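There are two complexes below, and they share chain A, which is joined by chain B in the first and by chain C in the second.
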Partner chain A sequence: MRKTLAYLGERALLALISFVVLFPIAWMFLTAFKQPRDAYSLSLIFEPTVQNFVTVFSEPWNLGSMVLNSVIVATVTVAIAVPCAALAAYSFSRFRVKGRKFLFFLILSTQFIPAVVIVLPFFLMFRQLDLLDTRIALIIVNLAIVTPFVIWMIKGFIDAIPTDSEEAAMIDGASRLRVIKDIVMPMAAPGIMTSSIFCFILTWNEFLFALILSRRDAVTLPVGLVSFRTERGDLWELMSAAGVMITVPIFIMALFIQKHFTRGMTAGAVK
Partner chain B sequence: MKDRLLPYWLLIPAFIIVLATTIYPLAYSFITSFRAWDLTKSRRPEGFVGLDNYLYAAGESQFLNSLWVTFVFVITSVILTVVLAMALALLLRRKGPMHTFTRIILILPFAMSPALIGVSYRFMFNPEFGVIANGLGAVFPALQGVPWLADPQLAMGILVLTDVWHWTPYMTFMCLGGLASIPRETEEAARIDGASNLRIVFGIILPQMRGVILVMAVLKTIFALKMFDQVVTLTGGGPGTSTETLAYFIFNVGFRWFDMGYASALAWILTAIMMFISIWYVRMLLSERKMATA
Partner chain C sequence: MAEVRLVDIEKKYGNFLAVPKQSLTIHDGEFLVLLGPSGCGKTTTMRMIAGLEDITSGDIMIKGERVNDKPPKDRDIAMVFQNYGLYPHMTVRQNIEYPLKLRGMSKVDRKARVQETAEKVELDALLERRPSELSGGQRQRVALARAIVRTPSIFLMDEPLSNLDAKLRVTMRAELKHLHHELGVTTVYVTHDQMEAMTLATRVAVMRDGKIVQLDTPKKIYAEPADLFVAGFIGSPSMNLIDGAVQSGVFRADGVELPVDLAGCKGVVLGIRPEELDITEDAGAAISGKLYALELTGESTLVTLRNGPSSVCARGHADFEAEINSPCHLAPKDGARIHLFDRATGERLR
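Take a look at the complex of A and B:
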């Protein structure tokens, strides 16, 4: 009797947790498909429409250009940060060189610097260089946040790869660069993939930099949300439609790496 | 010769990025923090004013208010997140289809844009057509018509709620990682001896998780100090200045009032706080590792 009660209690608790996690997301998805008049009522029964998506992609909202900005900024940031970080992570993982501890500490501690500190000088600099409101500006500042983070993550993955096959290849006369290219990187590929997706998610969701450094041309999706706050009030149904556009690609990616999540995130932090 | 320098060559690209994107701006804002620079009046920095910007901060009520707001936010969100994450991890480490399902969906809040989380909660707590506001009003009549985000304390509570909702999953995954690495023998022996669940959790599991919990608390503190997005999209620092955190205050000083000197000084105060915590954090990790290898 007590056992069944505990069993049921545990199930109920799990159901409650799932509800708390899913409800805000589900509500946003529902609202995105509601007509304006339904969006302001709480009914679950409504006539679904895709009109909100059509609206956000047309004038004056132009969500399409924001999607493009977000995709370009996130992709280029990943494409620059991940290869550089992978090489650095390998070096940190395999060599015991002078100053290594200091460098690693330096790079790690930059991860803890508040973004608002970094963005101030960049704002002034980009203003001088006439780079405000460009994607290049956003890519440069995003690199500041993701690079240290990705080095940390990939190092965790490379640390977990045994060095035996590398040593064997070197004895056979392969150069270190060849070893990195042909042995280490393929073995670390799942980890690097996970790190890349993480890096993409971070950049995709980045808000502060884009809020300050973009006005019109380079606006990304999260900042675009703010533009649905108008004199007529908040346009919730449009915000929700934009919200769906922000979350769907990221959710797919996140679920894709879910298995590696625990390992990837904790490897650096706990070890 | 070539091989000896290779470790450094591999570091160079990443190091250049870090140097250019963090060390340089940090140095720049450090210098600016000792200058007067009102961007609305002058395109170039004005003269050096010594510690004036810092001294001004020490006496300014809005800065002191933002420190207090940040403190309240950090303490509540760290405690709630860590406790909830630990509890969730203990529940989720068992096997079962529902456990697996919950573990999988837990990644969603973490992947969601914090700015969007702020927007969603603002919608759900809208007193007129917010689903949570109305739902709570229907269940508890006393809560009908409560102006959630217009009340200083409640607004802070909701701000904390969004942050806890966003970060608890990540911390739960960290806890699960920690739980998986501690040996199960002691726990099983205690269970055979008839120890209660509570005693097992508090007497056996939690003491072994000390290191992980410490790491979580410090990491969460740093994330909470940096939190910015939801303040903009959920409360806008309001009502009044009741949810104006230090990061948001710096943003206002720098990009609404364009006082670059003062904003830089404030930014450095925040950096100093975070540096202090992160140095302490790295040291702690190093000593934990020493203990582990000893």
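Take a look at the complex of A and C:
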């Protein structure tokens, strides 16, 4: 009896948590297909339309350019951050350099700085360099945000790889770089994949810097959402359609690499 | 001519002296075993030869050339690791092929060479598998194949059999011996298993606290151990070591009275191997005590007798039977080697 009660309680709690987490997402997906007049109703019965998607991609919203900006900024950030971070992580993991621990802490400590504190210096810097409202500025800022985090993550995965195979490769005739390319990277692939996804998600969702540093040309999707708060009020159906555009790529990516994702997570957790 | 010379090499980790200054020459074609308990510096010594560990001072010469500053890949060595060090994401074929690929050998030549090597270690049926799909013995053979595929000047083997079960270890031991005979490559082999050392080595270097305490042929090390440590380390069951004193040419301890070739000395440890003792009915025999244990090993029976704090083991006939706690007497066989060591220094007296 007690066991059944505990079981029911557990299920009820899980259902409640799931509801709290999933409701806003479900609401967003439903609203994206609603007419403006249905947007505020919670009814599940309505006449679906794709007009919202058509609207957000046309003038004056132009979501297309924001999608392009987001894709370019996130992809280029991952493409630069992950290889650099992998090399740095390897060095931190394998070379016994003096001051290594302090340096590692220093890199990690950049994550403790609140973004609002550094957003103004970044703004001034990019204004000086004439890079405001450019994708390059966003890429540079995102690199500064994600690289330390990715170094820390990948180091965990490389630490877990025994050095025997590396040493064997060195004796077999490989140079250090060749060892990293042929042995370490393939063995750390699940971890690197996981780190890349995290890196992509962080950049894809980054809001504050994109808001301050972009105005028209380099606006990304999260910032674009704000533009649906107009003098006519909040256009929820359009905001939801844009929200779907932001979340769907992440969902699809997560589905595709779920296997790597969980494997990477546990591999990092054990060591 | 692949001779390896270690000249006054020393290894320190911070203040800790792992390998004190010493020299060693490994002759061309020799199978040299570094033998010692764990933590005695044997693996460190091998890793220094491989170039995986920097040396604090001294020189390492391979084929007459100083290689201190050469990376492992330029030392023309191959190494077999304790945990095999295979590449888990590659197939057996790719594992064996990797050293050849790095040396820029053509695809056709590589294929032929891999096939030939795989046949040598009976892996030809498993070439397309990954290491995770292999048993311990098969993995060991992959590691071995990867080492021999490019015929290096020197083989380094770091406890290559220690992860295998007892039966497989014996089989692989014979394979290693055969391989060395066939290839004739200078080999340095690290182990803590004295049986492996005795069966494989041309010469054995027994190490303790980073220092080589005796370097000789297995036969000589067995017959004339340099000190108490070597005497106790080599042989299974190990040599009987009895604490006592020598007076007027007779060694005396509880229940032991044995004429020896030494005038007089206090604090002496007498050593005699179990196989050099006979079980006798003679109450006046050199060693007397009560029967403590009988262990049948198959081909013989190990007889342990006790007298006071010391126990003495003898290898008797497989049929030998007696009551536990009954009186028992042992006498050295004709021509038995009796070793005498200084108790304080451990050095060999005679």
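Please note the rule applied: the second predicted complex is superposed on the first by the 253 of 271 C-alpha atoms of A that agree within 3 Å, B and C clash if a C-alpha of one lies under 4 Å from a C-alpha of the other, contacts with A are read in each partner's own complex, and residues count from 1 in each chain.
The working rule: a residue touches a chain if its C-beta (ideal position, glycine included) is under 8 Å from a C-beta of that chain, and two chains touch if they have at least 3 such contacts.
None of these values were measured; they are calculated from a predicted model.
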Touched partner set for A:Leu235, first chain B, second chain C, both or neither: neither
Touching partner for A:Ser165 - first (chain B), second (chain C), both, neither: second
Partner chain in contact with A:Ile139 - chain B first, chain C second, else both or neither: neither
Partner chain(s) touched by A:Val219 [first = chain B, second = chain C, both, neither]: neither
Contacts of A:Ala188 with chain B and chain C, given as first, second, both or neither: neither
Touched partner set for A:Met66, first chain B, second chain C, both or neither: neither
Per-residue contact with chain A, leading partner among chain C and chain B: B
Complex contact set, residues of chain A against chain C: 162, 164-165, 167-175, 178, 182-183, 186-187, 189
Chain A residues within the chain B interface of the complex: 10-11, 13-15, 17-18, 20-22, 24-25, 27-28, 31, 39-42, 80-81, 83-85, 87-88, 90-92, 94-95, 97, 100, 103, 105-118, 120-125, 140-141, 143-144, 147-148, 151, 176-177, 201, 204-205, 207-208, 211-212, 221-223, 225-226, 234, 236, 239-240, 243, 246-247, 250-251, 253-255, 258, 261-263, 265-266, 269-271
Residue ranges of chain B in contact with chain A within the complex: 3, 6-8, 10-11, 13-15, 17-18, 20-26, 28-29, 32, 88, 91, 98-99, 101-102, 104-117, 119-124, 128-129, 131, 134, 165, 169-170, 173-174, 176-178, 180-181, 211-212, 215, 219, 222, 225-226, 228-229, 232-233, 247, 250-251, 254-255, 260, 263-264, 267-268, 270-271, 274-275, 277-279, 281-282, 289
Touching residues (chain side chain C, partner chain A) in the complex: 50-52, 71-73, 77-79, 81-89, 98-99, 102-103, 143, 146
